[in-house]
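Next, two complexes with chain A in common: one pairs it with chain B, the other with chain C.
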Partner chain A sequence: MNPIVEVQGFTKSYRDVHALDNVSFTLSENKIYGLLGRNGAGKTTLMRIITAQVFATAGTVRVFGETPYENDRVLRRICFIKESQKYPDTFRIADVLETAASVFPNWDRELALSLAEQFRLPLKRKMKNLSRGMHSSVGIVIGLASRAPLTIFDEPYLGLDAVARTLFYDRLLEDYAEYPRTIVLSTHLIDEVSRLLEHIFVIDGGRLILDEDADALRGRAFTVVGPAARVDALTSRMRPIDRTMLGGLVSATFWGKLDADERRRLEAEGLELAPVSLQQMIVRLTNGKFDGKAVSGE
Partner chain B sequence: MNNRIPGVIRLHFRDKFTWLYLPWIIALLNMAVNLLVSVFLTETMIYSGGIATIYVFLLVMGILSMNQPFALALGFGLRRTDYYWGTMATAVVMSVLYAVLTMAFGAVERWTNYWWERMRFFDVPYFNDGSLPEQFVVMLSFMLHFFLIGFVVSCTYRRFGRNGLFILFSALMLALMIAAYACMYYGWWDDIFGWLAGNTAFETSLWLFLPTAAYALIAYALMRRTTA
Partner chain C sequence: MMDDSRPIFMQIAERIEDDIIEGRLPEESQVPSTNQFAAFYQINPATAAKGVNLLVDEGILYKKRGIGMFVAKGARERLMAKRREQFYEQYVVAMIREAKKLGITPEQLSEMIRRGESEA
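Coming up: the complex of A and B.
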């Protein structure tokens, strides 16, 4: 696996506030990463430093093996879609797409037009007159149609309804299967994207507090579902990290890994094993620092 | 190998209305008002020189081009350097076009004997005194000068924020005041005005390229460290 991005000791300070505090990580080729964290955790700052839009106070970054600052060989292989992107007041959607076409070397015009149609984007409308959701959709169209080897989506679906979000996930996976690339999804909505993610970073208060493979993460805990009496017999032996009641059924989540024997024994007792939601795991692992609730809107 | 600069030029020309039509709509409206006034002043010819709006327009474009288009270019992963050269190329191309158009309107103005002896709008004494190539250089020089004033001010704002502009303009005012007092004290004013009056517009416009180049250098240094 080739490292696409190598970040060493990123720190970004504004006077006495640490927006980022000694962050280090590596991104490999052709994987989908989740960069999770609450609003203001430092996600956008981190992505903006990687793309050389702002400068780190300390630390180094290499993208495609080189420094990204004013480096066209690196920058032309990145597409960074940020929620806060500003467009000229006079630009219509069509102008933005045309500009993207002349800037991104792998731009697929047909894909862009078909996506724009699916997201119901009025090409002749001015960017400044778009709703929040349409604004986000334009970013998604650019991010997908640019087919950049490193594609970063920063809060890509603010204001999008469920249909449009599902459309985004489906088209992303579809195009990713056909044209593999490294994708970073930065968001505070874990649940919806969890099925897409192969590797997860959690950032809180400017610090990287989790850096783990998504499957490994899921394997670190298990959930048992069954009649209350049976599950409670189990919880008297092991302390659950989570317990919820659903009618007569109780679902309890435990730390640890089950081997095949234990698995069979539990199933023989009439208990059902269910996968743990990534959201639950992350809330636990970050000691509740990440509550994963949608803080929508702003 | 690098084909990003044309991308920047295309980015600017996406806004055709502002670059191509807006300055001439302003200029021609201005001219219409002047002509109307001249109808009531039958005795005298007006030396309007209203075409000065085009220079103000370039100043404004210099300020604007470091704002929204720059944010988009940086967001799309263009280098600051490429944005700089693309924007400079756009400014030169547009200034050439505006200069040629001004001269064309000026020709019509002379051919109609200054709109039937009512006013001089495009073709002004002193400014349009030289040969045609000289007039062209005069206009080009002044246009680029104004564009770059706007551009360098905007770069300062981008790099150092509002306080940066306050400090810059305070320092500039102070420097100009001290210079003015020095000129008064040592009696340099006569020499300066004498030199300016002795110059043709063409000679002055050649000198003007010096400060223009200085703004360009400063702007480049500033924008290399700007963020979006």
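Coming up: the complex of A and C.
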């Protein structure tokens, strides 16, 4: 598969703080990626470097095979929708869409208008008078209608209710099926989007701690509940990523897979097994109690 | 609709298998496209394709070039045989384990199965 973005040994420091610490990864053509992590983990910095808005302290980035800095050939193929997007004070929604139409070569005007209608956007209203949710909706309309070969959404749905978010997911999948492209979704709403994603990156403390096929992660961790001695006996051969106690009971989450035999044996010992959702998994990997260095590449 | 304990592509494959076993997808009928699956379940199209391809590899579905996916002849009988084996593992063994835990004797268990037979 064709790499669209290749990042090697990225480090970004602000004075003596590493916002990103030696991050390397590749984005392939026509996949939907999730970029997950806590606030301040380095997600936005990473996206800003890919889109040539920030220089890396060390490392290289190639987008569509070229360096993105002041490179119009690259930049016009990228659409970056960010939460903090500012618009000129006099701009109405219609003006913003018109500007976008002139910036993005693949812009689909009909799609933009049909999305604007579905998101109930008043085209003549000024951007500065929009609610938070409408502001986000404008970003979503631009992100989808631009049909840019690399489309990045950074927390695209602040202020949007569940109905509007579902509309976004539906229209994203629908348009992606017809016009495949590389999409990056950076978000907190992990369980809500996990099924849309083909591949997942998790950033924590400026480091990339997970780089995995999304579907392969399902069933990759499990929780065991039972008497402390029995549960702790498992830690000799499996790595716990979380452990909590309630009286003599321990609930521990392990990174790893159980085959049917092991599962049966543990259940026969009176231990209770439960699946771990992607969101729970990522919360446990990024809650600061776990050193995630060794997670990838199993 | 999807659970977290297993990859989604396996769950998609199982749903198609269920449809074939229960006759909603007869042999030689056309299966929805991966994009239709993706839109219906709100999942990534590549994941849906992986589930469908699993069944193609097993000979349950076959591809007609340029038209789509179809249910193979004999698919239902093969799936039934596979599911009967799984039934023993998933239900019979699990039931006996739970019965032991609750102190139900094998005789009582047989009696319960007979009673259940008249209710199901």
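Criterion: the second predicted complex is superposed on the first by the 226 of 298 C-alpha atoms of A that agree within 3 Å, B and C clash if a C-alpha of one lies under 4 Å from a C-alpha of the other, contacts with A are read in each partner's own complex, and residues count from 1 in each chain.
As a working rule, a contact is a pair of C-beta atoms (placed from the backbone, for glycine too) under 8 Å apart; a residue touches a chain by one contact, two chains touch by 3 or more.
Treat the numbers as computed from the prediction; the structure is a model and nothing was measured.
Visitor: First (chain B), second (chain C), both or neither: which does A:Cys79 touch?
Guide: A:Cys79 sits against chain B, while chain C stays out of touch.
Visitor: If you stack the two complexes on chain A, which partner ends up touching A:Pro88: first (chain B), second (chain C), both, or neither?
Guide: After superposition on chain A, A:Pro88 lies in contact with chain B alone.
Visitor: Which holds for A:Glu174: it touches chain B only (first), chain C only (second), both, or neither?
Guide: After superposing on A, A:Glu174 lies in contact with chain C but is clear of chain B.
Visitor: According to the stated criteria, A:Glu70 is in contact with first (chain B), second (chain C), both, or neither; which is it?
Guide: A:Glu70: touches chain B, not chain C.
Visitor: Considering only the touch criterion stated at the top, classify A:Lys126 as touching first (chain B), second (chain C), both, or neither.
Guide: After superposition on chain A, A:Lys126 lies in contact with neither partner.
Visitor: Look at A:Leu197 in the shared chain and tell me whether it touches chain B only, chain C only, both, or neither; answer first, second, both or neither.
Guide: In the superposed model, A:Leu197 contacts chain C only, not chain B.
Visitor: Would you check which partner chain A:Glu98 touches, where first means chain B only, second means chain C only, and both and neither mean what they say?
Guide: first
Visitor: Check the residue A:Ser277 against both partner chains and state whether it touches chain B (first), chain C (second), both, or neither.
Guide: Only chain C is touched by A:Ser277; chain B is not.
Visitor: Could you list which residues of chain A make contact with chain B in one structure and with chain C in the other?
Guide: After superposing on chain A, no chain A residue contacts both chain B and chain C.
Visitor: Provide the residue numbers of chain C that touch chain A in the complex, in ascending order.
Guide: Per the touch definition, chain C meets chain A at residues 2-9, 35, 38-39, 41-47, 50, 89, 93, 97.
Visitor: With touch defined as at the start, can you tell me which chain A residues reach chain C in the complex?
Guide: Within the complex, chain A contacts chain C at residues 31-32, 169-170, 173-174, 176-177, 195-198, 214-216, 218-219, 222, 260, 264, 267-268, 275-278.
Visitor: Which of the residues in chain A end up touching chain B in this complex?
Guide: 48, 51, 53-55, 70-72, 75-76, 78-80, 82, 85-91, 95-96, 98-100, 102-104
Visitor: Show me the residue ranges of chain B that touch chain A in the complex, using the header's touch definition.
Guide: Contact set of chain B toward chain A: 2, 4, 6-7, 10-11, 14-15, 17-18, 68-69, 71-72, 74-82, 224-225, 227-228.
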